[in-house]
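You will see two complexes here that share chain A, one where it goes with chain B and one where it goes with chain C.
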Partner chain A sequence: MTETAPPLLEIEGLTFGFRNQSANLVDGVSLTLGRNETLCIVGESGCGKSVTALSLMGLLPPDAVRIDSGTVTFEGETIDAGDFARLSRLRGDRMAMIFQEPMTSLNPAFRIGNQITEAVRHHRGGTEAEARERALEALEKVGIPAARQRLDEYPHQLSGGMRQRVMIAMALVNDPSVLIADEPTTALDVTVQAQILDLIADLQTRSGMGAILITHDLGVVAQVATRVAVMYAGRIVEIGTAQEIFEDPQHPYTIGLMSSVPRLTGPRQRLSTVPGLVPTPDGMPEGCRFSTRCPFARPTCREVPKLAPVAGEHHVACHYAPLETRLEAG
Partner chain B sequence: MMRETILEAVNLRKHFRSGGGLGRTANTVRAVDGVSLEVHRGETFAIVGESGCGKSTLARLLMRLLDPTEGDVLFDGRSIAGLRGRTLRDLRRDMQFVFQDPFSSLNPRMTVGKLVGEPLETHSPELSARERRAKVAELLGRVGLRPEHAGRYPHEFSGGQRQRIGIARALASGPRLIIGDEPVSALDVSVQAQVINRLHDLKEEFDLTLVIIAHDLAVIRHMSDRVAVMYLGQIVETGPSEQVFANPRHPYTRALLSAVPEPVYGRAHDRMALKGETPSPSAPPDGCRFHTRCPFATEECRKRVPEMREMAPGQGAACHHAEKIAAEHGSPVAVTGSGRSEGAERRFAMYAEAIADRGA
Partner chain C sequence: MLAFIGRRLLVAIPTILLISVFVFLLQQLLPGDPILAMAGEERDPATIEFLREKYGLNDPLPVQYFKWIGGVIQGDLGISLRTNQPVSELLLQKLPVTIQLAVMALIFAVVIGVPAGILSAVKKGTVVDYAANVVALSGLSIPNFWLGIMLILLVSVKWGLLPASGYTPPGEDLVRSITTMLMPAFVLGTALAATLMRHTRSAMLGVLKSDYVRTARAKGLYERRVILRHAFRNALVPIVTLTALLFGELVAGAVLTEQIFTIPGFGKLVVDAVFNRDYAVVQGIVLCTAVGFIVMNLLADAAYFALNPRLRKS
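Moving on, here comes the complex of A and B:
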């Protein structure tokens, strides 16, 4: 991405919560995504990564959620984060989403071809025959063998990896400029995961599509991310290029997550964990939300730390970064 | 090195009939098709493979939740096939299970105290109600829960806590062997690490043997002493975990290891991409079952079934060309430092120390 090119997608100050709770589920999240980029959002369940994605697609339940602030700027058009109707018009057309479990997004009662052509005609119009040709092309693009025959099959007739490919085909059939993938390979075997990640990367190179990948798998992140945002309890605690995050992680939560991952190489030693659990929305700690689990927490941590620059694009929200100088000196 | 064998599978087969009826011919699914293995007392033995390889069926055969079509399972040298009544109850006391899904394996209508106390009622009927409560409180403490949790119900707990309840329940009868079917795969990485550490401690404390069935290779390498790799109902490679993972001899093990993305930036190692998908276990390929996806397959592989051969002390692989492949190709797992800056290394060391001080 060159310095001057405007980002494909820009999220600014996104803040929302449940209507009946005062603590925010997502609190002041700002992110940008450029063409051809893969932004990975990482964190444990309950850290707010999936609801952030749902809010972009206008998929939050309007009755249960209050949007306090935030804008989404997509291809030059700025949309209020509370304008679900406008956001959802982008969905499936310019912005597409794929989920962890393909069977939750594919209707078991309809043939695969019909489900894809529906997505085409909903956004593009045209005849059934034209849409069917597009669907066929999409299935071929994602590497489904005997694609013409598959058009007339039902989702249950496919393996897990093939279903995930169909879902990707469905998401990509309208040539979106942004793909949002929520744990797209978590339910898949490791050899199939490798095939799907290669496929997404290949499609990106061909079309310049930007991707937001939500995952808890740091191995996948290291492999595919250009930039990484680490979320904890609804806030971004650290963000930077993949190289910055993996070579020079700063936030104690990032370090804790990385320490928890068993490795294929190196000495087998006891894993350093992140003790305790992610706080629930009705039990959010004051100040730094990680302070209740952080082994370095000090009284200062009762104040909210700013997401401050470290170097380059790298930012971290910790009063004591870098730990080795700020803590060992004090 | 002679070690005492606690659990042994002898040429186990489990075939299921599927489909059929109304004039259609039934398929025979060969879920487990000729598996032999020995688990040594006091070790952690891992069984790894992808979905459909038969590892969960194998686990159920070892637990005697299923009866084999052919072959036998020996616990302490005795066949478990014919056990019933009192002797089966004794086996259930000695051999316990921890399941993958802590959400569905605990009865939602029972309190935690009742869930953990139930095996005690069966296996230690001599305990008074009060002694039983004390024992439950002790077990909850051992797995990192609090005694007052005994009055609560499973839905009040997180996934990691529920898995601990499952472990406390498994420990209640005082087993010698615990079989875990994907015991940590449904958990977040930080919680997974907590449960892995806890299982390790409990194994030492209670002098247990563990059999872990899993698909996550890094978890297996971390937890286990020996490993068996399964493909389409058969073991294709087995040996000491560190050795197998550093020096895999079967192409399928190589492919699995090379597909695991390591959490290190710029570690783009050569992936050994596998063609296609696992064939159906109702129609396994002739010859070597892996030949349809193996990049090294030759005419011989299509025709002749490879036997398990010893490749290194304790390590065996069932591949005609194992020596040649190992000689011509290096390790599929790149071994070079952490890729972290000096400052970051110090942060990790500080973090590890701070966590150890907390006793977590």
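Moving on, here comes the complex of A and C:
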């Protein structure tokens, strides 16, 4: 992201929750994404990373979820986060999404080609033959061998990795400027995982597309991220460039995440974990939501910490940041 | 696909044979003796003996069975003991009537049950869902005969809109044929519609949660297309199975419905035959129904092929 160009996508103060619960699922999340940039959102299950992505796509069930506030500015157009109709016009077109489960994400009853042309014709119109050519191009672009044949095959005839490629082709067929990938490689073999990540990175450099990658796999983050946002219990607790986050993590939760990754080098030691569980929406602690599990928690943590700058783009939401101050104090 | 259907047909043959043995033995267990009824008041032993010999009732059971099944294969289902008409002729006469009733009832059931099921799944937990469930539950709990009688009272007697009973062949007067059959078909169809609605609802609820429905939405497709194309297409498999299985219920229901609306169909034939101990006719009907059931299941199997591409490979 350059200083002068406006970001491709800007989320401002996104806040929402279930209609039948008072606590927020996602609380005041703000993010930006630039062209050609890969923003990784990390955090453990239930931290709100997937629902944040779904809300961008206008894919949250409107009868179960209340959007309290937030705006999405996309290519200069500002949309209210609760305006599902306007968001849904973007999805599949300017903004596309791929999911975790390639095995079940394609409709078993329809041919691959048909599932892709459907997306083309919905947004672009045109004839089936034209859409089919576009679909073929997309399949070739994602490196599917014998793409013309694949058009007439059914999902069950393809492997998991191939299906994820088809999903990517389907997402990219309308040349979106933002791709949201929700754990796109979690269900795949490690070797296939690397191929898919390389493919996304390659497509990005070719088209300048921005990508939001949601994952809990820090190995994946280290491999592809330009910037990293760490989410905990519906809030962003730390955000910065990949280098800043990996070399100088500031939030106790980020530090906990980093140290729970097994390492191949250095002395063998017991894997450290972050004790406790993510609080449930109706059992959210006041103030800092990590305070119940934080080894450094103090009485001041009952107040909500602001996301404050540490250095450069690096921001952290902790009363005791930067870390050095905290260690000296405690 | 043809190989699959062929295999199914091969399996169907022993099934039908087994049913035929069962049907044949079942009538041996029925109380009463038609020969005694035929022989009249005097019960002259010579007459009885003559009649037994004439109808082959003195042969050992296996011989009787093979004689019978041999005829069945050639389309000869025997002679009605009561009317002296060939059973096959009787069946051919009555079968179209009941088929018309069943098809019309099935149309009612599908046209009411499937959309109601889709709607209540999509609107789960709303007033629409509850209303559909209440209607379905009443459809299931209201007995056919009561609904039939009430409809006759209201629609025919009070309003004079539709004929209360009878039957007109479609070849004779198509409009009259359909209007006459409208009420009976509706009565027979409602109970099935309720079952179909509840199964459609649960099938749709399962499918709507699936990942590919989310993918379809992520493509930006209109919700209507997501539901009717992506979700419903996959929910169809269990719905088709159920519809085939409903055939049994349909035949059983037809017996009662035909009695209420005095329709000269299969149902009336079977009731009369049982009461008159007309063995040959009962056998013919049961066999015919069993074959119908097997054909329906075959059709359902064939439908799977069209619906589920995963089956086509094996």
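As a convention for this text, the second predicted complex is superposed on the first by the 324 of 330 C-alpha atoms of A that agree within 3 Å, B and C clash if a C-alpha of one lies under 4 Å from a C-alpha of the other, contacts with A are read in each partner's own complex, and residues count from 1 in each chain.
Quick note on the criterion: contacts are C-beta pairs under 8 Å (C-beta built on N, C-alpha and C of every residue); 3 or more make two chains touch, one makes a residue touch a chain.
Computed from a predicted model, the values in this text were never measured in an experiment.
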Chain A as common anchor, with chain B and chain C clashing or fitting: fit
First (chain B), second (chain C), both or neither touched by A:Thr273: first
Included angle at chain A between vectors to chain C and chain B, based on C-alpha centres and rounded to the nearest 10 degrees: 80
Partner chain(s) touched by A:Asp93 [first = chain B, second = chain C, both, neither]: second
First, second, both or neither for A:Glu118, with chain B first and chain C second: second
Touching partner for A:Met57 - first (chain B), second (chain C), both, neither: second
Which superposed partner A:Glu44 touches (first chain B, second chain C, both, neither): first
Comparing the two partners chain B and chain C, which touches a greater set of residues in chain A: B
Partner chain(s) touched by A:Gly219 [first = chain B, second = chain C, both, neither]: first
Partner chain(s) touched by A:Thr191 [first = chain B, second = chain C, both, neither]: first
Which superposed partner A:Met170 touches (first chain B, second chain C, both, neither): second
Chain B versus chain C - smallest C-alpha distance in the overlay, whole Å: 7
Complex contacts: residues of chain B adjacent to chain A: 50-51, 158, 160, 188-194, 196-197, 200, 215-219, 221-223, 242, 245-246, 255-257, 259-268, 271, 273-274, 277, 333-335, 338-341, 343-344, 346-348, 350-352, 354-358, 360
Residues on chain A engaged by chain B in the complex (per definition of touch): 44-45, 159-162, 189-195, 197-198, 216-223, 242-243, 245-250, 252, 255-266, 268, 270-275, 277, 295-296, 322-324, 327-328
Footprint of chain C on chain A - complex, ascending: 57, 59, 88-93, 96-97, 99, 101, 104-111, 118-119, 122-123, 154, 156-157, 167, 170-171
Contact footprint of chain A on chain C as seen in their complex: 210-212, 214-222, 230, 233-234, 307-310, 313
